[in-house]
Amino acid sequence: MEQVVVTAEPFDPHVETEKLHGENPSIGAIVDFIGWMRDFNDGDSVSRMTLEHYPGMTEKALRKIVDEALRRWDLLGVRVVHRVGELKPSEPIVLVAVASAHRGEAFRACEFLIDYLKTCAPFWKKESTIAGERWVEAKRSDEAARGRWEDASKSS
Amino acid sequence: MEQVVVTAEPFDPHVETEKLHGENPSIGAIVDFIGWMRDFNDGDSVSRMTLEHYPGMTEKALRKIVDEALRRWDLLGVRVVHRVGELKPSEPIVLVAVASAHRGEAFRACEFLIDYLKTCAPFWKKESTIAGERWVEAKRSDEAARGRWEDASKSS
Amino acid sequence: MTIQLHFFASLREALGSDGETLELERDGLRVADVLDLLRARGGCWQDALGEDKTVMAAVNQEMCGHETCLADGDELAFFPPVTGG
Amino acid sequence: MTIQLHFFASLREALGSDGETLELERDGLRVADVLDLLRARGGCWQDALGEDKTVMAAVNQEMCGHETCLADGDELAFFPPVTGG
């Protein structure tokens, strides 16, 4: 199964998680992160969003992050799916699903993956508000979230 | 929506998460933990499991844990579903789904909920192996996982 | 006073009972006193509730320590450490 | 040497271009040197790539610092901080 998918089509996070579990009876835990498009950001209502990416590099960057997670933790599977193109509120933007025998590894790896994705994978969001279109600014808190993983070698 | 469900019927974790998201367009992040029945435990293959609970107290204990999570973090919704009765390998045992505007809260609350559920909610597992039936022993690591949340007041 | 007793899981099986109504002559007993009374029955009671076993207790569906005092009409449950999730 | 340039997101819009093929007379240039060359065009180039802006770079689809050296045929991308997820 392809671990990394970048798609311009809407996707169903549940179908993706189902694929990860398959009927693999040694999987004891799955932790999923699903990021949804919100109808409100920075004080304005948002009616539409366009997600731009860097074809080729984006997939490579995601695969590199997944490989790092597989190196750090004992996992039974990883799936990362990210939308690009035009999105409407309440559509899923990203799914990060991690399977493991025990839950600690899956929690750590899932949060690691989304923290790195947010700061190292080339995606850019543009929002449509009543005042027009605007590019979303990078958040300092995302940089800080990623920083937590840099000193730590293998977290428990 | 009922936040806590204890059910003798198989459940679909994805339908439950879908209910949590609803079409609430202010939800930016959902973190799900799904615990699955494994076909192997403590060196033996397991063909069937029976989950016993304490009707009344179990639901109360789960609601108390959920209330504590809502007090500690800024959340947009919580759903906890737990199977009881007879289970087969690859069936979901438990779902803990947490919705929030930003991801940090959802990750913390989801792990808090499952760590407390594992040590404070009255459920007991009995496994059927080729050698017969046996009650699952409580794990010291679960007690340690819960302990992490006791000193910490509101974790960031 | 009267206490409603419940036993769960491996303890229920070891005792061959899921509970009983217990009539007590004295008031103001603690959970530990009830445990002593039950152990005094000997046999499977003494074994399953032995000091070497971890026996959890809940009074009126709230987990509690063995020093908790009981009142007339209380629901008292004994069970092994929980293993859900 | 020849470098394939790509611009993304707000940078692409500000420059009115998603990329170009750049012929360079000297070899051994760094990412920072190419940035200087582009800024020297003035106008929107100077503004969008100004020292006050955070301009991220990737060489051959790997994020890198501005001191990275370039080789003939390299793919060089400039873009603002990423905002996916």
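Letters are used for the chains, namely A, B, C and D, taken in the order the chains are written, and counting of residues starts over at 1 for each.
The rule we apply is simple: a contact is a pair of C-beta atoms (placed from the backbone, for glycine too) under 8 Å apart; a residue touches a chain by one contact, two chains touch by 3 or more.
All values reported here derive from a predicted model rather than from experimental measurement.
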Other chains in touch with both chain A and chain C: B
Per Cα centroids, the chain farthest from chain B: D
Distance between the centres, which are taken as Cα means, of chain D and chain A, whole angstrom: 26
Where chain B and chain D are represented by their mean Cα positions, the distance between them in whole Å: 49
Between chain A and chain B, centroid-to-centroid distance (C-alpha), Å: 23
Two or more partner chains touched - positions in chain A: 35, 114
Chain pairs that touch, as defined at the top of this document: A-B, A-D, B-C
In the complex with chain B, residue positions of chain A that touch it: 13-15, 17-18, 21, 23-40, 89-90, 101, 103-104, 106-107, 110-111, 114, 145
Complex contacts: residues of chain C adjacent to chain B: 6, 8-10, 54, 58, 61-63, 77, 79-85
Contact set on chain B toward chain C in their complex: 35, 51-54, 56-57, 60-61, 82, 93-94, 114, 117-126, 135-139, 142
